[in-house]
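For reference, the structures are reproduced in the following blocks.
Two complexes come next, and they have one chain in common, chain A, joined by chain B in the first and chain C in the second.
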Partner chain A sequence: MIGVELRLMLRRRRVWLCWTLLCALPTLVAILLAATRLTPPPGSGGAFLSAVVTNGQIFPAAALALVLPVFLPITVAIVSGEAIAGEATAGTLRYLLVRPVGRLRLLVAKLISVAVYVLLAVLLVTVVSYVVGVLAFGFGPAASLGGAGGIPSLSGATLTPADVALRTAVTVGYLALCMLALGAIGLFFSTLTDAPLAAALGVLAVVVASAALTPLDAASAIRDYLPTTHWLAWIDLYRDPILWTSVRQGFAVEAGFVVVAFGAAWANFATKDIAS
Partner chain B sequence: MIIRTSGLTKRFGRVTAVDDVSLHVPEGVRFGLLGPNGSGKTTTVRMLLGLVHATAGEIEVLGEPMPRRAASVLPQVGALVEGPAAWGHLSGRANLRLLDAAGRGGRRRDRRRRVEDALERVGLGGVDRRPVRAYSLGMRQRLGIAAALLRGPRLLLLDEPTNGLDPRGIQEMRALLTELNLGGTTVVLSSHLLSEVEALCTQVGVMDSGRLVLDSPMDALRTPTGRILLTTPDPAAAVGLLDGRVLARAGDRLVVRGEDAASLNARLVAAGVRVSGLTAERRTLEQVVLELTGTGSDRVDPHTPVPVPGGTR
Partner chain C sequence: MGGPSRFSRRWVLVAAGSAALLGAGSASGLLPVGADVPAGDLRARVLSGHPPFTGLSHSTGRLGLPEIPQLRSTTALLTGTTTIRSYRAGPDRWRVDELTPAGERDTYHRDGVEYVWDFGADQLTTVSGSTPVRLPRPADLDPPELARRLVGMSRTDPVSVIPGRRVAGLAASGFRVTPADPDTTVARIDVWLDPESGLPLRVEVAGRADPGLPVLFTEFQEVSLTAPDERTLTPSVPPGAGSVTADAADLAGALRQLDAPAPPARLAGRALVPLEGALPGVGLYGSGVSGFALVPASRGIADRVIEGAAIAGGVDVEVPAGRAVRVSSPLLTVVARGGIRRGRVLLVGTVAPAVLEQAVRELPTRGRP
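Let's look at the complex of A and B:
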């Protein structure tokens, strides 16, 4: 079933469109920056954007910071909201269940396909923006700061390209987990309704509500447990030495969301009457 | 018994969709489940397949309890529930391959052959790579039946199998189902096309507002009505001879009270009245069903009369 699910996802035009658009935004930003050289001053604008013109290798981090707040969550909401509700609307859900595919197996397959989607989305953005960044801004000052292609970290110390690659790999994994938490919530909503759009909008409502609560002092008691609070924790990975605390905390909370949302989806779907 | 339910009941909130249904379908029959819209046919079929969970009652399919043993029962059941469905962005062939791969059982190497066999059987053997989105209603219906046949099931549960098919398609489907049945497959179909069930089924069940009001072999239903239909070129002479027994006359056709067509024929011929057609009238399935069922749930009368059980005729 997992293989079937992946094949179904990879043959959907919508999924490829989402990936393309996700990669298009950073590419557009890179072209504009390269053409105008007008970077936001350090400390304002998107994270890392002020640094990219000096070294294209940091552009993946800037690109991820660009798509993270809105673009990426929207595509995750669409894809995960579709999971069960889309099959219900198409009528294929009943035929899968009488095939028979166990309900738990179906849910697991759907979660895995959402996981593959988010991982590939983050990975594609990273790879594409690395290529675009290097093409647009070059490898940075050669050997002037601590060796060829040295990249300034947020703390000022210089990182080697290999070091940055490692940190970027951890970032990709971390962001994929953050998005998977959102995807698991989408999967849960998708079992509640037969309308994929309603499930997707529900996910976006969660994102907006969480983002609205985060800056409130009155919400400080629950802030650490909101899904969006930890989305920017990965920026600490580009400090030297790495500040692991918030990343570790974010990892725990986001993994908790995956478990809780998937449990809720299972609790609802296991005994649901399929009337679609 | 290939299907046995006892006291099967399903309530959705305050609405009782299926009410205390005890259905028995013996192995090897062609069973037709009839009833007006909203009489609970589809909910019953969904419960048999484990899609909807019963509020009360027991279900056994192929001798095993459902939905507890769904994993071992359903691979032997082919189903078409409330119309066919497929992934619209894939071809019919790709749909069947994925559906085949989705569940356990069956060797991977044989998948291509299984899919081609099923397509062949429903008359889609030469179908191209067009996505299902572009199929006509009849093609989708055939694809849905192909999906039901994919695993060579012992039991076929088909809801409105001829929906969207043209007269030739309907006849092909009837031939296909009869052939499968002769090969040992039990066929259960639900329909509100009475002629369809009459032409195909050996046993019928009739549902009305959630209850099973009839479960009987087809032959037993079609009892004589006590009237004989007579066609004669000499209607006036016939009326004179059978005075008092003629119930109606229209041109050269007469309706005569009585059950024994043979003796009526002998009497007419002896009296020199020519006979060109003679049949003892039998009840049609339509009459039986209309007598047993109410108006169905899609008709809403202004004063909402309470449906009288057993009908009003």
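Let's look at the complex of A and C:
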């Protein structure tokens, strides 16, 4: 069942289109920066963007910060919103459930499919932007000075390639979890409607509402429990020493969203009348 | 029957799971808080030591000051939330980082020399020397530093015990300082500290306009009572980054260029506080939390404050020459005088508006409009 879902996901043209667009935005930004050398002033623009021209190895972090607020959530909303509602729209959900396939098993397979999608999306952006960054901006001064090709941390200390690899791996995993939380919400919405677009828009409504509440002082009591509050916590992985506080909180909250949203999807889907 | 029953059981299970997760997230509220300890003892503990620690704190200011581009980093400390990571081994060996979503600005203090690493500028600045008066900075706002500073300024004011609370996983005991001077804007300074180590964990300051609402508060999110290691306290410059040196006395040079007159011996009934290595034209008046500072200002800064005063609810002050405005926030009062060559000044303090209005009227009107 899981293998079938994964093959289906990988065969979908829109999935590949989403991945391509996700990689295209940072690539375009790299080309523009390399051509003009006009970086945002320090402290403004996306995180790390002002530093990438001096070291292309920082570009994956800048690229992730670029796609995280809008592009990545949109693609996750599209893919997760389609999970159950897409089957209903295509008229295949009823036939799928006629086979000896449990509804919980189907939901688990759909969630794993979304998880693989988000993991590959974050991984692809990271790998492509590393290659593009190094091609456009080089390995940075550490390489030319005989260094080991590390990157500067936000705190000034140089991170060795092993450090960078480890921190990047944790970043990829963390962002994949953040997006999986969104994907689980999308899966739940997908069980509520037969229209994939409605489910996707529901996910985007959650993102917009959460982003609107986050800066409000009046919302401070619930801020830590909003899905977007901890999205940028991964930046703390590039400090020296690493600041784990926000990453730890973010991990707990996002994992909580996965559990609760998947539970809600199961509670709704298990007894839902399937008419199409 | 079976269908609806299964339906409700599943939703009850999901609701119970959600409640359990939320409960786990806020379980710290059920843990014990600090016991009541005599307030005088707690004040003495705050003032007596510098226990080493490493911690992450958030400082929030709600002072509603006007936007001044030249002083943006300073006003931001008093009008927004600042995330601060502190490593303090002792009073002369520390590092304090101001963390932002896009970088960080770290200040290292080692054996009388300061180093400032700015990720955005990709530069380490070595600052030698010091000045008796300077602008506030993030290192002043972590709970231990702010507590020591404020409690030190109000040593003779009455103190009382307030209920303990839980801060950063520690049971904290609290005390309140109530400034006695009728001219101060400060209604109360509340400090919660770890009674064993004496480390302040949370500080709240409220103004007399609304004593129930803290307008400046700083609190540890996480703290460890262990000394930071040597490597953490050593600044480094990554390959390719800039490294420059600066002298704190450069500020005196910049002020000298304004050619401001010497500060008067008395202003608004308060005597000038003698300072070692005083800066040209700068004066401190009064004491404790009912003092204020007189600082010469460039035309750009004075004009900007005067222009921005209207947005911040400022009012004009009648002065013998030039133009002056007053901006009052719940804690801080600012008066700016412009329109006089060599006489543009800022008066800033935690004193009642009438005090600074009187002070600006008493200032000499040297120069010409």
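Side notes on the structure shown:
Following the convention adopted for this analysis, the second predicted complex is superposed on the first by the 271 of 276 C-alpha atoms of A that agree within 3 Å, B and C clash if a C-alpha of one lies under 4 Å from a C-alpha of the other, contacts with A are read in each partner's own complex, and residues count from 1 in each chain.
Keep in mind that, in the parts below, a contact is a pair of C-beta atoms (placed from the backbone, for glycine too) under 8 Å apart; a residue touches a chain by one contact, two chains touch by 3 or more.
Quick caveat: nothing in here was measured; it's all calculated off a predicted structure.
Between chain B and chain C, C touches the greater number of residues of chain A. Judged by the touch definition given at the top, the superposed model places A:Gly133 against neither chain B nor chain C. When the two structures are aligned on the shared chain, A:Gly183 is found in touch with neither chain B nor chain C. Of the two partner chains placed by the overlay, neither chain B nor chain C lies in contact with A:Pro227. Judged by the touch definition given at the top, the superposed model places A:Gly202 against neither chain B nor chain C. Touch criterion met: A:Ala252 reaches chain C, while chain B stays clear of it.
Judged by the touch definition given at the top, the superposed model places A:Thr271 against both chain B and chain C.
In the superposition on chain A, A:Arg7 makes contact with chain B only, while chain C stays out of contact range.
Look at A:Pro26: by the touch rule set out above, it reaches neither chain B nor chain C. When the two complexes are laid over each other on chain A, chain A has residues 271 in contact with both chain B and chain C. Those residues of chain A that touch chain B in the shared complex are 1, 3-4, 7-8, 11-13, 90-92, 94-102, 271, 273-275. Against chain A, the residues of chain C that register as touching in their complex are 3, 6-7, 10-11, 13-14, 17-18, 21-22, 25, 56, 85, 97, 99-104, 106, 117-122, 124, 221-222, 232, 235-241. Residues 12, 46, 49-53, 70-71, 74-75, 77, 79, 81-90, 98-99, 101-103, 147 of chain B touch chain A in their complex. Those residues of chain A that touch chain C in the shared complex are 41-48, 50-51, 54-55, 140-142, 145, 147, 152-158, 224-225, 232, 235-236, 239, 241, 243, 245, 252-253, 256, 259-260, 263-264, 266-267, 270-271.
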